[in-house]
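Reading through the structure tokens given below for one structure.
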């Protein structure tokens, strides 16, 4: 009696153990989007938006019958914006599912996982990183950026500045992180080519308490335009506040991660007139017909941040490359998916981006300058869409 | 003292594991370690490799902190030295893997010796803070010595390759990392049966008395620093081959705290403690993920995961220090003792 | 920049450094207070700052208290939290090795960060403005208003704290305990109460420093990094010296500012820690600390 009980116990133990191991599901007729999403940690505000964006698009496509008979399945895992946990999530998701597309949470992750992508050869990836380095199809054949990389974002800003005030003095203020340093070196040359004068580059240490020293430097350089990069909100309001107090007349500008409407509005009064580059339309944009934005607004009546749009667009691009690959009757391999993605030209995003987009290299080099209007509590367009060649 | 282990030869007396039961358990462990990669999926193999790396580094820190009594918050930075050395050698020279790992260990050792120099003048907390200073300085070097470290972008390296075999999956790396870690742990276990190891322990218990007994303090403290950083360096080298990208932000201060916490939670000054501590601290976040996933919370349950993890990390440190200062290793011993006497005494 | 040396720039940087230094000194004072009374090296000091700032933020935004009341309640609340921490985590460690207690505070730091992220998420926030916005000119040098008033508050508080130590009964008990625990016991001083008191008062001072730091640079769950610089301050000044904390606080503030101004932001932390290393090598017990002689 006792022995049989033991035996059955052992059997169930072994069964459950093996069942917990590689549980590769029958994955026919399914397209899987995996994701290391920073739903908690320092980057949570973006992660939550991205998560909702991908989720909504997947829901929408499946409700409309999927892609050529395939349903989309989204398998996210929280990464807490830490590389080791992102990698763990990647291993977990890819070993338990047949993943075709992956969303990564950081530049470090994109770089770390790149050899895995090359080796697997079965999926392509995009993510929350706009790092300039990723825009190299030779080094990163299976990755792309769903927007302009940081250097291109600077390029769009600088081009706008050169239009507004030829020969203007520009200051770059950036954080001492990989993120902060990313576009600085390359943008120096871009500025010069546009006839602009980079009067000063200021690097702030991460977690800086007080930026009075940096502001004293900025004041001496007297730039016409000051571009912040490598922050979300960080010391930007402090810079603007002190600059206003001293009567320094400079136009402050930011890049993608600073530019969400709610982030800018957190600055309160100081936000007035703040400008920056944004590759997407904001949630509330009504200036042009945008069927996708209408659908998003119908699904979620409350404001969705720009990471949401970014996640949504990423999923849309995944779906489009899957659609093209399947339509050509090709196998869903990384090479085919990426080739399909690169064949995207003048693609209509349904108004997420105001102009038809073309993927160049690994990025979509397009953007528009917006300006903060604190009375309306909204970012309003200050330029037309700028497409870099 | 266990019964039934009468020793009849010097060899038997010197053996690290001396009873038949121990040998049997070791054999089972060996079989489990060999069998594991064939049963586990990529995710578990990934965790196994990470655990192996962490065990190597924690064992190193245990030599310094647990056995010699010198607290260091620079272990992650020394790992960084090892990782950068390996990455630079691999990228610039393409030197063989095992040589790179050894070189990583030795360069980290040099770093450890330099940082250890003040250890004769300052000790205790001051030393701990001096090691924080060393990590800050090293971080600066990693971030700004572009020619070697590649600055903030860091170094990306190709998979390790031995005899034409590319170590590009966790499955293969497992066969590289686990033997190295076992070798390092065995080395540490034997170290404390030698004069050097016993000198370390004497220094920990009271350094002035140790000096009176004729143990040259500076030499042994430096040796301890050197050994500990050697372990960290090799662990860092494995880390580099594992993640294949090394950046200044790969080795933050919190990682040093993690290793110190692993030593404390496992049990200071025991080999088993470092192993248990490293395994436990590496697995806790993953276990938490599972638990939070099971809880019947709303879909937003993952949102609280990161703060909960941070809290649990702190609670573990405080809890073990307050309630179980001897760590997991002591709990393990109690369980073992219970089963030793089991039918006769509960 | 012009060839001629910009003296005004130097002056402004020095003043900014002094402003930051005032906050270092204030936090250093809280740190030294805990160390003197309980011999605990409190690595969680930066996180105590953070708790104070977040309490104030929560009270001012969620409960809509006016700023002065929010600060007051936050300071009292932080004092309570300090007493609680002492009772729950530090008291049981009485008599343990200093390293173990140090590690307990490391754990506490992690818990505090987690709690803040749980309640307020890790998104950076801004405290409501409560300081006058008109800049202050000292001679021709421009001093940002927050830095100036922050320094002023720090200076006043330090003065008050020193006076309290000197004349108030509790302060005297604290100093007595610091100089000789046994003797204090035998003189009828309730030593555990002094422990509790020191943590309470230190937490309150830290909370005020936190509110000022938060007002200057915004608050986030990573603002505890500030504690790292404070650690340097107290080691350089001498762990058990109030005067040391004050002098070293100003010194480190100015050095950081000079390094940031003339070399670049990445040199700030490097400069302070190099000073730390030099001090540890030359005077391990700090500039003004007591040199303890170890005997067998």
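By letter and in written order, the chains are A, B and C; residue numbering begins at 1 in each of them.
Here is the rule we go by: a residue touches a chain if its C-beta (ideal position, glycine included) is under 8 Å from a C-beta of that chain, and two chains touch if they have at least 3 such contacts.
None of these values were measured; they are calculated from a predicted model.
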Going from chain A to chain C via touching chains takes a minimum number of steps equal to 1
Select, from B-C and A-B, the pair of chains that is joined by more C-beta pairs in contact.
B-C
Measure off the straight-line distance from the CA centroid of chain A to the CA centroid of chain B, and report it in whole Å.
36
Report the inter-centroid distance (CA atoms only) between chain B and chain C in whole Å.
33
Counting only residues that touch at least 2 other chains, which ones in chain A make the list?
40-41, 44, 176
Could you say which residues in chain B touch two or more other chains, in rising order?
143, 303-304, 306-307, 309
Quick check: what residues of chain C touch more than one other chain, meaning two or more?
117, 121-122, 266, 269
Contacting residues of chain A [partner chain B, same complex]
18, 21-22, 39-41, 44, 48, 77-78, 80, 83-85, 87-88, 91-92, 94-96, 108, 111-112, 114-115, 119, 133, 176-178, 181
For chain A, which residues count as touching chain C in their complex?
40-42, 44-45, 176, 202-217, 219-220, 232-235, 237-238, 241-242, 245-246, 266-268
Can you name the residues of chain B that touch chain A in the complex?
39-47, 50, 143, 151-154, 156, 158-159, 168-170, 243-245, 247, 249-250, 285-286, 289, 302-307, 309
As the complex stands, chain C meets chain B at residues 41, 89, 92-93, 96, 98-100, 102-104, 106-118, 121-122, 228, 231-232, 235, 266, 269-270, 273-274, 276-277, 280-281, 284, 294, 296
Residue set of chain C touching chain A in the complex reads 1, 6, 9, 12-13, 16-17, 19-20, 23, 117, 121-126, 133-135, 142-145, 147, 213, 216-218, 220-223, 225-226, 257, 260-261, 264-266, 268-269
